[in-house]
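Worksheet: the structure to be examined is printed underneath.
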């Protein structure tokens, strides 16, 4: 069962959404779309961080129209002819239709407060942000783009882990992205990793934890195995902040917890410290 | 008080010797000198390891007359004109007289089962095996001799820590020996560290823990701070194997516990593995 | 995939041809399930069974230097065919007591840190690294998560990506997900004939997709964790034959075949300079994946 | 001691002359004891007091990646006089609560591992390292010993011996033994005028030698932990002046003087290639000691 560790586990997904996605699952405050968008999808009342789409994150971080997307055309294939209750190809088509994305990550060039960087932003809405060949390849290309252009790489992860439907090739995206980060580091470029809820399994066990600086959004789940699996195996009742940002900070696994409204300013400061080109 | 960490602390010395030094403090078996010597100062009845003198250790490890001592002429000076209840110079003279050693370490070239190595062997009988300028310099020269001759370095430590009477210069033997080991490692030569009772304070916090392989004699105390200090500060009752070899093995701080009679064979195997020149 | 070709060229011709034959006829669902069962067979040789048969002067190294000595991970030095190698590998237990002590071969972060420490020792002294993979996965415990299981598995892969020594990893039983790949980022990755290597256990997959662990066989057929499929997908560089009936039938014969394969690959790798080894190693893993 | 000379040449002439004068008249037992008391003064500036006055864009980094975030050790990045530097240093607490949380500036192994991690980050990105030393010593706890306090202090020194970036360490208060030198194996080691740097606390020494902690003053006079004697013995490369009465009288002025000294030394060091820095650093420490 423990192999579930790098798989998309439904239990790892955010608590079942309440009737309306604009209702805060914590304090039940309700917001209009424009209110949530203006607040970067953070509950004004209790600070709960709602899921945030990749393109919205990019819009909130990158200067004006500085973002230039890369490798947008890459699409997953179905190497195993994988079929569970439905064919993998069908799940892919549906995800693309519902998210408007080709897969669970968007990469490209940008500036933040006029300093150059490369962005690699995951989107949980696309099959639970699971990492298959396309996510691995696009992250890998983001590393190369940052190295070639001499700019830092910034990633924001939100993922249930490796994409089961691509079998062993999904697992191979772990060493693939690890090698890509090592090439980036050999090129002398910094890597700043921001972990959003949830960053689990194979993404946590590969590039997401390899940043020179590790940041996390408040109350984000960052665990290799899902809470349910841990509970099943250990038969313990888990600490109530099990695997959350606060616990990870306490145990020395991350550098800082950064609320979403402060993220752009924090990244901008780090780009200055790492002397990213203006 | 915690600064006592690298000082000779009386409480760190072996339990007050029973009436006769040949009586086992654990099971009270009594031995003739020749019996103890033949048994490498290990109690045949309970396995207790008696303190063992540096020259006896060398005789038990090195091939026949292969040992060639180095830097035997180095003697401590008294840079601070240190005077407590008695002058440091007087303590030094007394120690030299009672041990026949110039200071608390003996270094030199040797072969073990015909493979070349450099030995750096400490002697607790000389001022509690405390590390002052001479111990630091001789260990440092042992590193250079091993590097120049392309042979592994083997050290056996037994020390209460830095030698208070040399003040800050004693503390400086920590970074000094650390730099010497780093030079040895850059020269590509292995370092095997054997820790005997007690290896504490400044010796534990410098070269003794820097071996490629860390071995310990059974039930040896290896703690940075002395048990009494820890008890005073933490007010806890200490685990009964506090700081002992067995606890250190359990907590991952050493590679293996090697009873004295097996040490020569173990070192010989490691010299083969590290391909020491025949 | 340059190294897949490279791998095919290594090993003796007989085994090479045998692999090609197997690749012709695609493994059936039955054969896949058989591999899953044999990979987990209770009499299958474990890491230490191979160590004692393949290595001279074995010296086990213990501890992560700072927290624990994890029995689920073995690390040490030994002489293989005359050369000193560093070996790491998960270790399952034989009897009930040992199984509990070794957590059924599921390492904690402390186990991976021990492996990392010994990899770095090997790099310092130019010892080739042999990695034997046999785990259901990394241990999913509360303390394991608190101590950074995910980050440590990434770090272990990163260290392997930095090494300039020859490295050979062999999946000798269960290659369970991240806990397995943590020590399998090697110049050559091999699988024994009846080993399995997968992103998730068949039971885990079935539970998630079919809501029924009983569908494990169907799940295995769907994601194909057997050696033949892994070779076809370019994920591994070669298949190590087992004695008739499987490795559990004859530990000595299995060890001879395993040793022969490892030595073959090390012989090939030792001709290459370290930075070239590392460049090719990274290029191989960066090439893995299928997309349009 | 080449670097002692090197140090004398750095810093502005005024401070240099001041140091020489002080070296003429040997510090009396009274002066030594005054330094001990000022080094521990409860209003003396601590690491974070200097950080907020000296560094722009300060970003604190937390955690040892695997066990804890030790509040007794600070680590982070900031801009000093325009250049990005990595800073590490022990941190004492001001009020009772903070003192307990930070263990009076006595780090656990986890604290030193955090410092090591940030030193390696600095090396990767060529950031100079600034180390502020202020600790009674490493924490003498049961868990600290179990987690390898001794080995971690050695490893921290070893990492500093490997760095190829410019490194400056300043003892800003108590330089307590191994717990202090763990982060003081630097190209330049400075002491503030009223700091102390010693192998053992006066109380500890007195307890052992005179069987009476009350003899601390006598002990201090015997082992001379004051800056002037450390400079005379070649243990440090320079003395950083404090405002009249001591650093506690004027934190801002103390910070200005400290910043000036650190920047002076970094300016000198940055002209040297990394491997030469490392060679000289090791040669300096290997030269320390007095024997016949």
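Chains: A, B, C and D, in written order; residue numbering restarts at 1 for each.
In the analysis below, contacts are C-beta pairs under 8 Å (C-beta built on N, C-alpha and C of every residue); 3 or more make two chains touch, one makes a residue touch a chain.
Predicted model, so just to flag it, every value in this text is computed and none were measured.
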Q.
Applying the document's contact definition, name the chain pair with more C-beta pairs in contact, A-C or A-D.
A. A-C
Q) Centre to centre, by mean C-alpha position, how many angstrom separate subunit B and subunit D? A) 28
Q: Could you give the separation in Å between the centres of subunit A and subunit B, each centre being the mean of its C-alpha atoms?
A: 52
(Q) Need the CA-centroid distance for the pair subunit A / subunit D, whole Å please. (A) 40
Q.
Could you pull out the residues of subunit C that touch at least 2 other chains?
A. 65-67, 147-148, 151, 155
Q: Give me the residues of subunit A that touch two or more other chains.
A: 251-253
Q. Looking at which chains touch, is this a line, ring, star, complete or other?
A. other
(Q) I'd like to see which chains touch which, written out pair by pair. (A) A-C, A-D, B-C, B-D, C-D
**Q.** Residue ranges of subunit A in contact with subunit D within the complex
**A.** 185, 188, 190, 212-213, 249-256, 266, 269-270, 272-275
**Q.** subunit C contact footprint on subunit D (complex, rising order)
**A.** 65-67, 109, 113, 147-148, 151-152, 155
Q.
With touch defined as at the start, can you tell me which subunit A residues reach subunit C in the complex?
A. 1-10, 74-77, 79-80, 82-85, 132-134, 136-137, 140, 162, 164-176, 178-183, 200-202, 204-210, 222-226, 229-230, 233-234, 236, 238-239, 242-243, 247, 251-253
Q) Which residues of subunit D touch subunit A in the complex? A) 57, 59-70, 77-79, 84, 110, 114, 121, 124-125
Q: Would you tell me which residues of subunit C are touching subunit A in their complex?
A: 106, 136-142, 144-151, 153-155, 157-158, 161-162, 176-179, 181-182, 184-185, 197-201, 203-205, 207-210, 219, 222-225, 229-230, 233, 235, 281-282, 285-286, 288-292
